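Take a look at the structures listed below.
Two complexes, one shared chain (chain A), two partners (chain B, chain C).
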Partner chain A sequence: MATSRKKQAQARARKKKVRTPGLWSLSDRIGVFLAWAAGLSLCVIAAVITLFMAWKGLSYLNLDVVTQSPEASLEQDKTGGFLDPIIGTVILTVMGAAIATPIGIGTAVWLTEYGRPAPLARFVEAGVEIIVGAPSIVLAIFGLLVFQQGFMAPFSFTAAGGEVFGRSFFAAGAVMSLIALPFVVGGTREALNSIPKHVREASYALGKDKASTIRRVLMPSARSGIATGATLGMARIAGDTAVVVVLLGASLQLAPEGGLPVIDVLKGTGSTLTSYVFQNSPAGEGNAPEKAYAAAFVLLMIVVGLNLAVNWIAKRGQHKWV
Partner chain B sequence: MGVIDEEKASDNGYVPPLRQIQVGGTTEPISVAERIQEPDPLLQQEEVPYFDDTQPEWFEQIMRTESLSISFGDKKAVKEVSLPVNAGEVLALIGPSGCGKTTLLRSLNKLVDLTPTAKREGRILLDGTDTDLYDDTYLRRRVGMLFQQPNPFPMSIFDNIAYGLRERGSKRPRKKELEPLVVDSLKRAGLWSEVKDILNQPALALSGGQQQRLCIARSLAVMPEVLLLDEPCSALDPISTSIIEETIVELKDEIAIVIVTHNLQQAERVADRVAFMYLGDLVEYGVAEQVFNAPQAERTKDYVRGDFG
Partner chain C sequence: MEAASLGTKAVPKEEDPTNRRVELLLGALASSILLFIAGMVIFVFLKGFPSFAANGFAWFGAGGNVDEQLANIFNSPADPAEYVYFLRAWPLLWSTFLISATSVAIGIFVSVFTSIFIVEFAPTAVARVLEPVVKFLAAVPSVIYGLIGILVIVPWINDTFITEEMRESVAYVIQLDGSSVIAGVVILTVMICPIMIAIVTDSLRQVPRNWREGALALGVNRFRALRTVSVRAIRPAIVAAAVLASARALGEAIMLSMVTGSIGFAPNPFDGILFFFEPSRPLGATIVDGAEGLSVAPFGQTMYAFAFILIISTAFLSFAGWVARQSLAKYSVGAK
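Coming up: the complex of A and B.
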């Protein structure tokens, strides 16, 4: 019986014509050409943006603009530099990442290593997806709503009459952390999922419980994935404009609030490179396009630098299990 | 927990299989595809005593399973297996892929229990005590395990060995206190001479064979009484394999070893006793020479001759 089935299969195989490999058909060749063209044009666009920004930016960039505070003036020569926006970008980026990293790691560990009850895990996953998809202006408006509440006064710029503006580095940093959070969660989850099951079991087989396994084995293994996620999140924070405009205000210089050192800066308003470029671009009110180009170039360099860091971390931190 | 029939259980812990086996079946030659569909004719032979009662009982039984069955959902992976593990010996579990030998091995330190769908019946005894009475972490300290793939943790060689010794919580022992134990474990695993100068290097930089011996040392550091090996050499080259085998033979005086292997030559080289499993059943158990040279069950004969695998 089995042999007859085998013969039938052989007969079927003989009937089927084997296509000889030859020249590609015309439609295939057009398809390949279009794919090449699409790829190459992307390269050209990226190169044009970078070169244009470098040319414009470098021609206006000098030591003065990065060491002087911005001044409001109608003449471009007297508008100073953009030291404060650089500091603002650094503060926001570090703050956002500092808040997002522990929360993101916790979420990822829970989702990957526990994930129970399953409906709750799916709910959390959906929540992270929504944050990824939400436009940052939506997050910003929501943040404003929260930080304008009276009890948020300690974290916000306030008027003399007691009105809470809901604008400060605290407020912007908190919402920025939401923008970085999905990247930390994603990077950590990916790293945890890439650790083979038998590595966890090896730790259990030594009489270790889940908590020590996560802390002493999984966390060190996932370190580079976490760093990658956090760095990607930082790049996103550095490049975001909407949250800054809504939650950090439009003051050009850092405007400390209250008397405490460091805290006063975080409680006050300020600007970042993105809001500075927005204000001073030909489309904005500041009317200092040369400074805007220089600031935009600096911003581009920061973001490209962060992305290079991601590649470097990912390459360096790979653990290879057989 | 399985209930043992007091009358049936003999002194050495052997419980006869409860499943009745029918004699008979087709004699006509059938294709492999059809044979898989039907119950295996060779399994339907007369019952073969798989526990060797003729052996003197001078050995010490460190572990044993009693009518142990393990199922994943509807699938029974291990069926009513009663198997002793003797101190000072190497026990090899052999059998074709999917016969339940790895599941049986992983049940001995309750790693199987980590699979949510796994269900266990029957008892596993360690030193005469039901392992269900022990905390999992305590059991796993007494019954160590080595995996198919070398899996050192991403930390230094020293920290890999010290990992199992460091208790979680308040007082963490200092490096100096741990050093003698770490050195001793590395010596017992035969790795000391190769790594004594690079203890602070990352363990993942070692070669595959060295990594596997590091994993042996890591298991030995917590002073287990039984060591379970799950195809420990399948990812290694022949030279590393022979070094690991030497280590296994050296270790058996101090620690009972259970090894799962696909490699019959390896089982012959290292094992004192052999258990042959097929489709979840323990078909034959006995002294290694006997199982390899004079197997009693037809199924075992076919397997050790290499008729199927």
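Coming up: the complex of A and C.
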């Protein structure tokens, strides 16, 4: 990264000295103008979104809204805060990442270190791409289909008639892990690919076999790549709405099911910041735009924070191989 | 890919059973992703099949008011023999296609020009700002785009562009209130551009320096050299970017359900300027709106039929994008 950036800077410096003479026709001038316009307008859009959300969010954000549970009310003042959705977001994010990380690492290790038979490995690669592209709403209703089966009853609420409700933190967390999975796979693969061959050879020379080389040599070096992928995945989970609307029941407050501590919350329904924003926008039932702005601001902070964490981890964990 | 095979070649030949087990275990884990995808496609299809079966190919056709048909399906009698399945899904399909295709088409131009700007013309300081800006735009959750859309852009369109005459001219069919195709397209374009910019910028940077220098040496200016050499060299990357962005656009549900008015109406290009301001509702948004009714058997099956269309088209697009990028890796000279 660092060296390539330096090279680019050098290349740029070189370019500046040698002005290409060239004839600038009108269409070329228009092209350059469009390039500037496109680049700058993206900056402006990002700045407007940030400033607007900060202005709206901060003007409605106060200690009450983040410490009170939401209440159903027609008046915006009485709708309480969004403590439960914040908790919901945290639970789902952690759960999704916790499920996705081991599966993602396993897949990535197999793809990079084994990858036999080769056609199967390529299909798995394409499969990961398909999961990236699969709309979360489709993943969500497929998840509902699975979790409504009888044998999945322990994971959600079962009605008196024996019908399985299929909506719970378990269900939503499992589907959310699919959203994070490609990021974990990508991060791990990138890290493994950047480890030079001679590191593996050194380990074999010391008499380690392949499995323990992966476990003792490659995994520790890939740690920051894995963390980067998982954090990116968490940012994605925190920002997803469709899965929450379909699979978490999007109930206002956490609704624990059954008597076991912790498990009861995970078995029950709830909501997250995304579904809270959705429900409280004019498109939803709550229609409390002020609360929606405040919640959206908190959500944006979480997502941006996770993305900054990615940069930080990547920078800190950068391994210099000789 | 090279690095992948390097590891395997270096291993001593003797196969230890533990290693073999580890390989099989990891392989099984990785392959379960394929099983999962197959299972998802099959089960979603089976669940949605009654809706296709009852309508035949007319399912994809136009006819009647799709919202009324969905309401009838939702209110069908409890007796399975009398379930209503009648559906002509064209307005939803058209809306999905229209919104995704338009925003991808606009997005290609915006992202190619932005990438050219980042790679060649931007002053170092601006380029350094643009990189996090693109990442930020990609990271903003769709519900926040939707919130800004419904609270700012939709009212603005309503106040600025829609005149009383326009409202009256279509009052007997639809209400124009600003939630419109154009709002959806504009916001969706902003949402999918970062994906394309990332891919296009990456491959523009990988175009060998001497290719462009060759053009420059012939006395061509910088923009012309980029356009005729670099951009042409990375065409597969642009295709891959467009295809992946279309998959994302097709699947976008929440934002579109918020800003496009959520009315199953097929905007008519022959309506002139009105076309842009007509409401509509793509497939993904229809499923979100219908999420409450999934437990009503025929309605749920109809929703799964929509989901099947979505998953098949996005899976196809993702696969095509993957193939396009493979070919890029194979043919691009000097790519790292």
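Some observations on this one:
Please note the rule applied: the second predicted complex is superposed on the first by the 292 of 322 C-alpha atoms of A that agree within 3 Å, B and C clash if a C-alpha of one lies under 4 Å from a C-alpha of the other, contacts with A are read in each partner's own complex, and residues count from 1 in each chain.
To be clear about the criterion, contacts are C-beta pairs under 8 Å (C-beta built on N, C-alpha and C of every residue); 3 or more make two chains touch, one makes a residue touch a chain.
Bear in mind that the values here come from a model prediction, so they are computed numbers and not experimental data.
By the touch criterion defined above, A:Ala191 lies against neither chain B nor chain C after alignment on the C-alpha atoms of chain A. Taking chain A as the reference, the larger set of touched residues comes from C, when chain B and chain C are compared. In the superposition on chain A, contact of A:Pro220 is made with chain B only, not with chain C. In the superposition on chain A, A:Glu113 makes contact with chain C only, while chain B stays out of contact range.
In the superposition on chain A, A:Asp209 makes contact with both chain B and chain C.
In the overlay built on the shared chain, the residue A:Glu201 is in contact with chain B and with chain C.
Of the two partner chains, chain C is the only one touched by A:Ala283; chain B is not. In the superposed model, A:Leu23 makes contact with chain C only, not with chain B. The contact surfaces that chain B and chain C form on chain A in the two complexes overlap at residues 201, 204, 209, 211. Across the complex, chain A is touched by residues 31, 33-34, 109, 111, 114, 136-141, 144-145, 147-151, 153-155, 163-164, 168, 204, 208, 211, 215, 218-219, 222, 235 of chain B. Interface residues of chain A, counted against chain C in their complex, comprise 8-9, 11-12, 20-25, 28, 31-32, 34-40, 42-43, 45-46, 49-50, 52-53, 103, 106-107, 109-116, 120-121, 123-139, 141-142, 144-146, 181, 192-195, 197, 200-201, 204, 209-211, 214, 235, 238-242, 245-246, 274, 277-278, 281-283, 289, 292-293, 296, 299-300, 303-304, 307. On the chain A side of its complex with chain B, the touching residues are 1-2, 196, 198-199, 201-209, 211-212, 216-217, 220-221, 319-322.
Against chain A, in their complex, chain C makes its touches with residues 3-8, 10-12, 16, 18-19, 22-23, 25-27, 29-31, 33-34, 37, 40, 43-44, 47, 109-111, 113-114, 116-118, 120-122, 124, 126, 129-130, 133-137, 139-144, 146-148, 150-152, 190, 193, 197, 205, 209, 216, 219-225, 227, 244, 247-248, 250-254, 257-258, 262, 284, 287-288, 291, 294, 303-304, 307, 310-311, 314-315, 317-319, 321-322.
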